[in-house]
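After this come two complexes, each holding subunit A, first together with subunit B and then together with subunit C.
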Partner chain A sequence: MSLRVNDLRVHYRTLRGEVKALDGVSFTMADGEILGLAGESGCGKTTLGKSLIRMDGRMRHAGGTVELDGRDLPIGDDKAMIAFRFHEVSLIPQYSMSAMNPTRRIGRMVAELLRSRGVPLDVKELESRLDLVGLPREVLNRYPIELSGGMKQRMVMVISTLLDPSLLIADEITSALDVSTQQAVAKALLGFRESGYVKSMIFITHDLALTSHIADTIMVMYAGRLAEKAPSNKLTKAPRHPYTRLLINSLPEIGVRHQDRMLKGIPGSPPSLLDPPRGCRFRDRCPMAGEECAEDPPPVEIEPNHFVACWKA
Partner chain B sequence: MLKVDNVTKVYKVGTFGGKTMTAVDAVSFDVRPGEVVSLIGESGSGKSTLGKMILGLVPITSGSITVDGVAVKPGKEYYRSVQGVFQDPFSCYNPVFKADRVFQLIKESYYPAVPAAEWTERVRSAIRDVRLNPDEVLGKFPHQLSGGQLQRLLIARALLLDLKLLIADEITSMLDASTRIDVLNLLAELKARGLGVLYVTHDLSLGHYLAERTVVLRHGTVVEMGVTAKVFDDPLHPYTRQLLSAVPRLHAPWEEAAPVGSCLYHERGGTGGLLEADPGHFVACAQLSNC
Partner chain C sequence: MRQYFGRKLLIYGLTFVVAVTVNWMIPRFMPGDPVASMLARARVSQPAAVEAMRAYYTNLFGFDQPIWQQYLNFWGALFQGDFGISIWVFPTPVADVILGAVPYTLALMIPAVLLSYWIGNRLGAFAARRKLLDNTVLPVGYILTAMPYMWLAVILAWGLGVTAGWFPVAGGYSFALQPSWSWSFLVNLLHHWTLPFLSLFLVALGGWAIGMRNMIIYELESDYSNYLAALGAPTRLIRRYAFRNAILPQITGLALQLGVLVAGALVTEIVFSYPGLGSLILKAIQNQDFFLLQGTFMFIVIGVLLANFIIDIVYVIVDPRTRAGMAGAQA
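== the complex of A and B ==
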């Protein structure tokens, strides 16, 4: 087993109380697995990613455990995590493309980063990875502004995986790219796994269609909890959770035009995570809600590797 | 209403600005009232630069941009009718102020006479229009909200003004599918009320869903533009075809995509510049435009 997350609870401290952004999430990832993580904005995807790497000062590890390759990941202990960051777990953050230092040539930036981690620069290795993602070697002499979005994103991918981490977390790395560049980035990610640069991967995205092309498994979260997790084609073809179903129905595939057929979103919004109500968190918006939904639905493995947290699934 | 005429933008780059980079190269198109025009291209294709020039945030190197015949003039009057919502919502907020301060600023500069209680109700209703719960988001600092939540607050802010033209730059890229559809339907509603929208996106299905006309941009130049249905059903430029074939579809693997084919520019009689291959459907030459 690559990753084992057990009842993870991560809160944000705010003046009005603690925001329970992750409220008891459990799942496992097999060696070599690519897990697509989807769900409504604010459901806790980024929080999950950050928890496995670095909690910022406002985050609090409120409970639960994380195991990576059989070892406890000390996620609540910022110092103890140093040994793991970049070496064992690496994160490509949301909006990372705009975060590259614009005044440094890329090659120099990479060298500085490695030096700060006490690792020598292996130019051969770096070049072969540039080849893999389809970047010309001379990008190292360029400034970030001289790269297109897709090139920057692939560069960030190369940098984040230089130390062959076991787990790579990619947070919305394709959302700013055009579709053909998205495809190139997605295929490069598959290439990384193939070449053993990373073992497993969490691919966070809003784009279910894109995830379904690269992820082995898709996990859908709702309001800080797991709603459904299943092999990709299962999840997209035969979703069981009402939220997943509505989500998939709201996807505009090419061919649909507003003037001909108006797609519908899911009315309502998720509950406040400051003080989430008891029971199923999707209840207010769920067309199938019934009395039993006043109790928390536990995730149940209804078929091998297909987990659903819904009383009516 | 919006007229972009032969606009070019050259940036200086490098440590001492010793190099230049042409981000936008002789681009022309227009947006009419009550119309959504989608501008498609990857990040770096110049579409955000175009948006920023229309908003007067970066100067134009050459060419002209006018709204109702008047050249872009950054300032209070201009921004009353022309607003932008951008890709990276975090950059629009000052981290030390609560997110709702952006609404307060609108009131102070545009609606000082509106009574506080009425203003609060307008703000809350704009927030509900973008499908957020006002009690949930008002009073929070930017870092306490997710990217999608911040983005919708920006749209809500734009909705509070008497807009004629909205530049929506990747506003839906961080939204989840269901919220995205709501925001798109919201834009459709606004255009029915006469608003012109320049909808900048990399997502072809979203552009297709919403826009009357489509402009495909690559490396700063227009490679193809026209009525959306024409561009999607009869794409003439290889880049457009490549984009269409790379769109991820839920139940079809990428491998089944059709081959891209060759440039049809000369075949259709092009001799330089944009060719009007069909009425209102323009295409550039793939060889000439270094694509």
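== the complex of A and C ==
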């Protein structure tokens, strides 16, 4: 097992109390696995991604453990995490467009970053990776402003994976891109895994369609908890959790004229995580909800590698 | 690049013309008659002699010509480096009077501006996000920057000069000494320089420190800082990058503040009777000395424009984005 997350709880401190953004999430990832993490805004997917590498000042590790390659990740301890960052866990952030220092040439920035981590800069290696993502080598002599959005994205991808991390967190990296660039990015990510630059990857997105092309496994989250986790084709073809089903139903399909059949959304909105209700959190929006849903549904492995947290599944 | 500086030069040229015009207008539309005051100083009682002197002076200063002719003459003389003859210390040329005062003002201004800028920015950058320091630097900075220059000058003169007796409170050097390149004179000069320098330095220091502190906090929240932190970069590197980016608005701030700083220096000089341009302006106003006033203003205008131009160049060197913009304009 590459990554083992056990009952992870991460809360945000706010003036009105603690927002339980991540409220007991457990899952494992195999070596070389790409895990697609999907769900609507505020379901905790970005919080999960951030928790695994660097919590911001408002986040608090409220419980649970994370184990990477058999070693405990001290995710609540900012200082102790430094040793793992970049070397073991790395991040391609949501904000690739502004992730590079605007007043440094990219090559110099990379060199300074590596030196600060005590790693010598291997120019040959860097250049071969630029080739892999299709960036000309002279980008290293340019300032970030001289690159297009897609180039910046790819440059950040190269930087983040330069030390061959065991786990790469790609946080909504395709959200701001057009479809053809999305595909290029997806290909590059798969290429990174093939070349062994990264072992496993968490691909955070709200785009289920794109995830199913990249990820081996998809995990759907709802209101800070795991809803369903299954191999990609199984989750998209035969979802068991009502939330997953509704989510997939609300996607447009090729060949269907939506003039005739209205696209369905999911009525309602997720509960407040400041003081989440007892029982299944999807209960209020769920068409199948019943008496037993007043109790918390535990994630159950109904088939090998297919976990569902629902009494009705 | 050429286009950029061409445009800048044009703007500076226009500013210069407007400044010169305003400069020429101010003393002329000021109430009072300089020739009359010169005549009063001469204490001549015979009406005929007074009349002759009035005609002489009016002609000498060109006041007998129509006002547009005076304006054109002013420009003509300006290009010959001729600022006219001082009325206050008649008949010394204004240029000589000013050149005697300029070294004092520059010796006061340049170290005060550069040191306060440098130290203030370092201090602010260092204090940002460090609780204890932040809690001391910030309030002290606010108090300093909120002080009017002359008020701080008066307090320093009273505290360190009059009460403690450590520093002299007036003049550029002791009246007992003759200006020379001797050690004792230089030490004396420095001794007199300290208080006016301090009052300029301290007020500016607070402003820079506060500005830099706020900018650094903003930069530390920025995406590139977060990215570096996520990759485990040490705080030192992140702060260095933040400083490099935060200094850009501070450079613009320096350009904007320059005029205020000059005004502050002038007032401070007056408090300490420091023999620089500030004291000269006061004397010129008190004596209705048009030419001296014009000449001093002229020097200040040229100085501020020149400094702004230098800052423009520095900005281009420091911020790659302005250079990229220029390349785009060429293409």
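The definition used in the following text is that the second predicted complex is superposed on the first by the 303 of 313 C-alpha atoms of A that agree within 3 Å, B and C clash if a C-alpha of one lies under 4 Å from a C-alpha of the other, contacts with A are read in each partner's own complex, and residues count from 1 in each chain.
Rule of thumb we're sticking to: a contact is a pair of C-beta atoms (placed from the backbone, for glycine too) under 8 Å apart; a residue touches a chain by one contact, two chains touch by 3 or more.
Only a predicted model underlies this, so the values are computations on that prediction, with no experimental measurement involved.
Enquirer: For A:53, using the defined touch cut-off, is the partner it touches subunit B, subunit C, both, or neither? Pick first, second, both or neither.
Expert: Once the two structures are laid over each other on A, A:53 reaches subunit C alone.
Enquirer: If you stack the two complexes on chain A, which partner ends up touching A:103: first (subunit B), second (subunit C), both, or neither?
Expert: After superposing on A, A:103 lies in contact with both subunit B and subunit C.
Enquirer: Looking at A:117 after the superposition, I want to know if it touches subunit B, subunit C, both of them or none. Which is it: first, second, both, neither?
Expert: Touch partner of A:117: subunit C, not subunit B.
Enquirer: In the overlay, answer first, second, both or neither for which of subunit B and subunit C A:14 touches.
Expert: first
Enquirer: Once chain A of both complexes is superposed, is A:207 in touch with subunit B (first), subunit C (second), both, or neither?
Expert: first
Enquirer: Looking at subunit A, which partner touches more of its residues: subunit C or subunit B?
Expert: B
Enquirer: Tell me the contact category for A:130 with respect to subunit B and subunit C: first, second, both or neither.
Expert: neither
Enquirer: Touch test for A:181: subunit B only (first), subunit C only (second), both, or neither?
Expert: first
Enquirer: Which partner chains sit in contact with A:146 here, subunit B, subunit C, both or neither? Use first/second/both/neither.
Expert: Touch partners of A:146: subunit B and subunit C.
Enquirer: Check subunit A for residues that touch subunit B in one structure and subunit C in the other, and list them.
Expert: Comparing the two interfaces on subunit A, one with subunit B and one with subunit C, the shared residues are 95, 98, 103, 143, 145-146.
Enquirer: For the complex, which residues does subunit C have touching subunit A?
Expert: Contact set of subunit C toward subunit A: 222-224, 226-234, 236-237, 241, 244-245, 248, 318-321, 324.
Enquirer: Which positions of subunit B touch subunit A when the two form their complex?
Expert: Interface residues on subunit B, with respect to subunit A: 11, 13-15, 21, 40-45, 87-88, 90-91, 131-133, 135-136, 139-140, 143-149, 170, 173-182, 184-185, 188, 202-206, 208-210, 228, 232, 242-244, 246-251, 253-254.
Enquirer: Where on subunit A does subunit B make contact in their complex?
Expert: So the residues of subunit A touching subunit B come out as 12, 14, 16, 19, 38-42, 46, 58, 94-95, 97-98, 103, 143, 145-152, 172, 175-183, 206-210, 212-213, 236-237, 246-248, 250-258, 262-266, 269, 272.
Enquirer: Subunit C touches which residues of subunit A in the complex?
Expert: Residue list for subunit A touching subunit C: 53-54, 56, 81-87, 90-91, 93, 95, 98-105, 112-113, 116-117, 143, 145-146, 156, 159-160.
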